[in-house]
Amino acid sequence: MNDDTQIAVDVRDAVKRYGDFTALQKISLGIRDNEFFTLLGPSGCGKTTLLRMIAGFEDVTEGAIFLYGDEIATLPPHQRPVNTVFQNYALFPHMTVLDNVGFGLEMRGASKADARKKAGEMLDLVQLTQFAARKPSQLSGGQQQRVALARALAPSPKVLLLDEPLSALDLKLRKAMQIELKHIQRETGITFIFVTHDQEEALTMSDRIAVMSAGSMQQLGEPKDIYESPRNMFVADFIGETNLLEVSVDAINDGRAVCHLGGGHELTCNAVDEVGVGSTVHMSVRPERLFLSDEPTESESLKGTVVENIFIGTDITTIIDLNEGPNFTVRTSNSDRGTKRIFDPGTEAYVNMEAGSARLLVD
Amino acid sequence: MSAKTDVKTYPGFKFMTLLCLVILYAPLVVVTVYSFNASKSITVWEGLSLRWYVDVFVGPESGKFKQAAINSFTIAIVAATISTTIATTAATAIVRGGKFRLRTASLGLISLPLMVPEIVTAVALLIFYNSVGFTRGYLTILVAHIAFCIPFAYLPIQARMQGIEDTFEQAAMDLYATKAQAFRRVLLPLMMPGIISGFLLAFIVSLDDFIITNFVKGAGVETLPTAIFGSVKQGLKPNIMAISTMLLSVSIVMVTISYFVSKSDNTK
Amino acid sequence: AEGDLVVYHWFEYMPQELLDKFTAETGINVTMDTYDSNEAMLASLKAGGMGTYDVAVPGDYMVSIMAGEGLLDTIADGELANKGNIAPEWADPSFDPGRTHSIPYQWGSTAFSVDTEAYSGDINTTDILFNPPAELSGKINMLDSQGEVMALASLHMGIPQCSTDREQLKALNEMLVNAKAHWASFNSDTAKEVLVSGDVAVGMIYDGFGAKARSEKASLQYAFPTQGYVVWMDNVVLLNDAPNRDNALKFMDFLLQPENISAVSNYARYGAGVSGVGDFLDPELATLPESNPPATAGQGAFIEVCDEATQAVYDQIWTNVKK
Amino acid sequence: MAGGAASGGSSASDTYAEARNWLLLPSWVVLSIFVLAPVLMMLVYSFLTKEFRGGVIWEFSLNAYDQFFFDRGLFGDEAPKIEWTYIAIFWRSIWQAGAATILSLIIGFPTAYFIATRPEKSRAMWVFLITIPYWVNLLIRTVSMKFLLRDQGPLNDFLINIGLIDSPLHIINTNLAVQLGLFYSYLPFMVLPIYASVERYNFALSEAAADLYATKWVTLRRILLPTVKPGVIAGCILVFVPSLGAFLAPDLLGGAKNFMIGSLIEEQFKGNAGNWPFGAAASMILLTMVLIILLIFARQQRKAEAVS
Amino acid sequence: MNDDTQIAVDVRDAVKRYGDFTALQKISLGIRDNEFFTLLGPSGCGKTTLLRMIAGFEDVTEGAIFLYGDEIATLPPHQRPVNTVFQNYALFPHMTVLDNVGFGLEMRGASKADARKKAGEMLDLVQLTQFAARKPSQLSGGQQQRVALARALAPSPKVLLLDEPLSALDLKLRKAMQIELKHIQRETGITFIFVTHDQEEALTMSDRIAVMSAGSMQQLGEPKDIYESPRNMFVADFIGETNLLEVSVDAINDGRAVCHLGGGHELTCNAVDEVGVGSTVHMSVRPERLFLSDEPTESESLKGTVVENIFIGTDITTIIDLNEGPNFTVRTSNSDRGTKRIFDPGTEAYVNMEAGSARLLVD
């Protein structure tokens, strides 16, 4: 049809309004063929809305959506070669597992026998063959999730949409299913569009992530980019834990900005185009990028008093009061227990970071 | 969402809904409209008039209707009050009494008046009163009404109570309230919307009952439905339409109150 | 209860004004309950109604049935001051010899009225009900009253009312079941209303009720079939266990005064069974077509009381008709 | 409603377990004396001997049931054949009630569905609109229906005026009138339970079906209907059962021409017939039928609950 | 009464049976005065049951419970000086916030005025003074939680029971409330018995933790002990992520056990009394206790091939295939990015740990 054959779903300036409430504001994004693509954002930011527009359950108010080059706006859902794994699975409660999985094939005109045969194969894929005759209510949450997956995969859709498919599962099962999902995506080569509001899940599973907030796109990129180079306040705060501090930029030399923290403390960070001298902006430093010492080091070093150590298993979180300046949270991995000292509450310590660990943010 | 893409919308369903409303309301509208007809004949429209409303209060049958209305309302109030009280205690036992052997039997007994066809209940009561020698009159109607109103009062109360988690009473007892205090200070206020709609339901059901009342009523003790029936049997007259319209208004007021009460959900 | 009287009465048969007059004269409060057939009244009394009513108003044959059932109290000699007012021809009827339980109330006939706008042929034949011309089929209302329908049907067929002849009974059964196909409804209390409103063109009806119907719709005409018609007399009876026996007797005396009973006649348009009413009657009553059978009219017949076994067959036929 | 009270919920909260016998006592006393005992007495009466012209003789007899099921001819002396008369009356009642039920379903289902798919705020208002007429006296509703349906009534006037028909439709005093009357009497009973189950219906199932290439009507048939079946069955029962025992509609709208069960029973106690044991037996047979229907329903409901 | 004045709640051999299902099997534990004590375990393990037995909502089938030395079995709930913060708060919806908080005081006989006065003070403590006149439904989740806390604290109970009070809150709010709860516990000095199934929450907040599973106590100790020295399989697996491997014990010398992993790999760990030579048991090593290198180090070192690196923000998880042996998960903190190399998938690497990092477990 056209040249973008490697683009599976192309959302162009899509706007969605409910009455006078705008749920999505001019979203544009291209999702590549074979990609594990994640929509990440807080509750109510419009993730489901976007997914439902692609699936055909919501009209596009403005803009257009292309599927492998074809506009799909006028196609009703049952004519789109796109399948969905629903958040609560939406398994048909009155049908057996096998009939659930075969339903889409039957609707596409397969004979009952053919549908069952193919459905059986899909159940093999998700390792549920022995549950074929059960009703969905007789399965555990994780098993139901796999049935939903098999059902959506059975008609070999071009794109698979997954709306928070793991959010109803408990932690252990969730981790296991993450691995399984990723595995199946690689095996089938189908483009996955995955919705979650769990950052860790997004970081672990995705090829690329689109971070959304309040109906608009905040940042699109690979997991590492998004974690380590958040483009703005929202992304920095939403993804992972961070120390967010208000700073004023005192000087900029050679691409390095000297920032004032209050309480007489100063830090140097990489300058950002949008931020000039004299402006007050936010700065973000990840707690794991900080380390403590009893003497100032050659790198950036700020003196403070330890308030509390909190043991969280893999790590210890230390809260430091910089006196008159802000509080800092420092994360020390347990793997460093041999090399790094843990400071008791009340003792003085220096907070250190390597140059470039702190990032200035636009709002 | 356009109808075409919205999987929830079915063409024609809206039309059927409107049709349904027309069917439900047409007879009531006719009655209401004709109650304002100046003509004595129901078939001829002679202009607007309140004459039949006046007739209800001062016409030749006004005495009969007045007495019937007094009977109907006093029976409905007393029956609804007693049956609601009984239903409240029964619901407390069934919803908050744990598992026990007679639970299913009790539920069955309470739903019995709903399951037995009304004509059967009516005839059964007639035979019963007759053979134990109760003289039929005001009291026999009242007792019958109390009995068959119980399930109607019970249903909303039970539904309401099931919606109230027992942690509320537990919290009260945890905070040093005795069981009786927990019931009075916490459970009862929370159940109130259910109790009120149960009361209203029972009230209307009692006010409305014809079949059973007709069998168990005594000589000359009429309720509005039996009085209306007596008159209606000789043809639908405009004064009956006026009474019906007034009763309709009472019902609407009651249902409206019950609707708003049950909407004021204080557990959220 | 001092000062009360409970009357069990036919519907639309007693002017409210007359009751008010009675109350004004005696201070007795009257409560009235109504029924629409003799049989319904009997059933209701037997199903617990005894002991709540003082008087009822059964038709002739029902008086003997009720007496047989032991439902009636005996009025001793001298208890009714106005007993002498009873017209001589009604003073010793076969259904209550010596008038020991009852006094006359009203008498009249039962036949049917036809809307002459809908049918212009001869109406004085029971064929109108039981074998109607095509244009009347499906436009007939019958009284929902077993006794009257069966009696008229027997007259139509020319057989006795309590026949024990199997062939006659089978034929009666068959005739009625076939005739039912032509009937639109069974209504007693709306017998007048359905005629006046035009819902039906033929309606079985009592003569006085028919007269009232005619006054509302002039094209209605009361028939006197050549095969005969039903005549009846309704009577006020004193019930056993009457809670207000004295008041009941006062009420009976009241109704035996010509002035009072003629008020009923003027209202309901039937004949009174009391001497000396002439002065009080609406003059129009004398010339009512409904109470003046033409020469062609057949015999009037009272409804007869059958024995239990025979009655069972008639009950069965009635069920066959209504099933 | 019948199903509603019987379910009672599964909560096993026991805060007031010690007091439960006292709390239950009033309901047990009132209901066993004034509902259960009369019904049992009715059962006893059905096995007694009839008294001529009303009443009973305290002698055991199966005559009432014999009369119901066996035809011994007009004179009661023929060899017993199956009695079709009462079976036919029951059958007619079933048929009339069934027709009313189907009519209610045809109108009620789309209505319930439509209401359940309104925005949550306006739903209560729609339900309210549907319930109001139900609170108006059944008698008044039936009589106004009669008035409406008459040959010269407003319906015919209206249809003639808009030119749809030339001469009045004759509906009154027909089976159709009875069906319409029953349908009108109990329509809200059909709408409400269906509404309740459609409201609980997870519309994601319809979306899943559409997503899997099913058209709307296929979705209706294969997904929606099977899922809301308990509500549909409840609605059907709530219309069917009271219709079965009705006697106002047949009496007022059907011209009292053809007995239905309700009028047959009434006739035994208040009408010409005066055969109490037979009326009691007919009542017991009706009650048995109703209980069987409810049992089947309860079983269905349990099955449906086991699935969801 | 007796000498254990420092023991607030003493549960002795408590058994709870529902019909023939045993929900708690002979639990014994002593909760110290002033302690922040946590019951931790998976859903259905009996945490709520134990709490309800202490509060008096469930009978004790066998055994006894003492409160500051007094047996309380026969006391009905309204006579126990113990208050509860319910999981869903159970605030009385028909009463104002102030009346909710004053309820317990009133029930104890305080006058309405006194109750209100004390309730007002409690609202100060939880910083909700300005919401006193509102109904609970007009508050946010976090505010409701604080009202529940104030209500339970108002009658100055000796012990406060908290049944998963934070589980209904979202992540951000939850973290904030954790800190506040801990703070209030320190301030009031009341003994807190806290129920959760969230291990991180338990580790962060508690003085001591009792880990439960299927109605019995698995381990009781301080957070660090439990994380670092899990006593058995269940605890090791339930608390945090771990590498659980089946090993056979080849030899034990000087308190050190030589363990065979399969695939020819060997490891040395601290011996455990219950485990003898020749037995096959499970071994646990935390992923953060492992590190990778391209050469074997002097410490325990196992050669393998990198399968995958998963970026999870603060850390990178590397999965290593030991060839013929088990897979290992290694966690590298992002804070070590300067010092530690990340191995690409497919490359060979050595998995290292310090002696004593691996632990033998009894089942």
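Residue numbering begins at 1 within each chain, and the chains themselves are lettered A, B, C, D and E in the order written.
Operating definition for what follows: a residue touches a chain if its C-beta (ideal position, glycine included) is under 8 Å from a C-beta of that chain, and two chains touch if they have at least 3 such contacts.
Composition by chain, UniProt nomenclature: A, E = Spermidine/putrescine import ATP-binding protein PotA; B = Spermidine/putrescine transport system permease protein PotC; D = Spermidine/putrescine transport system permease protein PotB.
Please read all numbers here as calculations on a predicted model, not as lab measurements.
Asks: Can you name the chains that touch chain B as well as chain C?
Replies: Intersection of chain B and chain C contact lists gives D.
Asks: Where each step is a move between two chains that touch, what is the least number of such steps from chain D to chain E?
Replies: The distance in steps between these two chains is 2.
Asks: In terms of touching chains, how many steps apart are chain A and chain D, taking the shortest path?
Replies: Contact-graph shortest path, chain A to chain D, evaluates to 1.
Asks: Going by the touch criterion at the top, tell me which pair is linked by more C-beta contacts: B-E or C-D.
Replies: C-D
Asks: Compute the distance, rounded to whole Å, between the mean C-alpha positions of chain A and chain C.
Replies: 91
Asks: If you average the CA atoms of chain C and of chain D, how many Å lie between those two points?
Replies: Once rounded, the distance between the two centres reads 37 Å.
Asks: Express in whole angstrom the distance between the two chain centres, defined as the mean CA positions of chain B and chain D.
Replies: 18
Asks: Going by the contact rule already set, what residues in chain C reach two or more other chains?
Replies: 47, 197
Asks: Give me the residue numbers in chain A that touch at least two other chains, ranges are fine.
Replies: Answer for chain A, listing residues that touch two or more other chains: 56-57, 76-77.
Asks: Send over the residues of chain B in touch with two or more other chains.
Replies: Where chain B meets two or more other chains at a single residue, that happens at 7, 43, 126-127, 170.
Asks: Contact residues on chain C for chain D in the complex?
Replies: By the definition above, chain C touches chain D via 37, 39-40, 42-44, 46-47, 65, 69, 141, 144-147, 166, 169-170, 173, 180, 183-187, 197-199, 308, 311-313, 315-320, 322-323.
Asks: Touching chain C in the complex: which residues of chain B?
Replies: By the definition above, chain B touches chain C via 43, 60, 126-127, 129-130, 135-137, 218-220, 230, 233-235.
Asks: In the complex, go through chain C and note every residue touching chain B.
Replies: Chain C reaches chain B through residues 6, 8, 11-12, 16, 31-34, 36, 47-49, 51-53, 189-190, 192-193, 197.
Asks: Within their complex, state which residues of chain B touch chain E.
Replies: Within the complex, chain B touches chain E at residues 165, 167-168, 170-178, 181, 185-186, 189-190, 266-268.
Asks: Over in the complex, which chain A residues touch chain D? Could you list them?
Replies: 55-57, 76-79, 82-84, 86-88, 90-94, 103-104, 107-108, 135, 137, 151-152, 155
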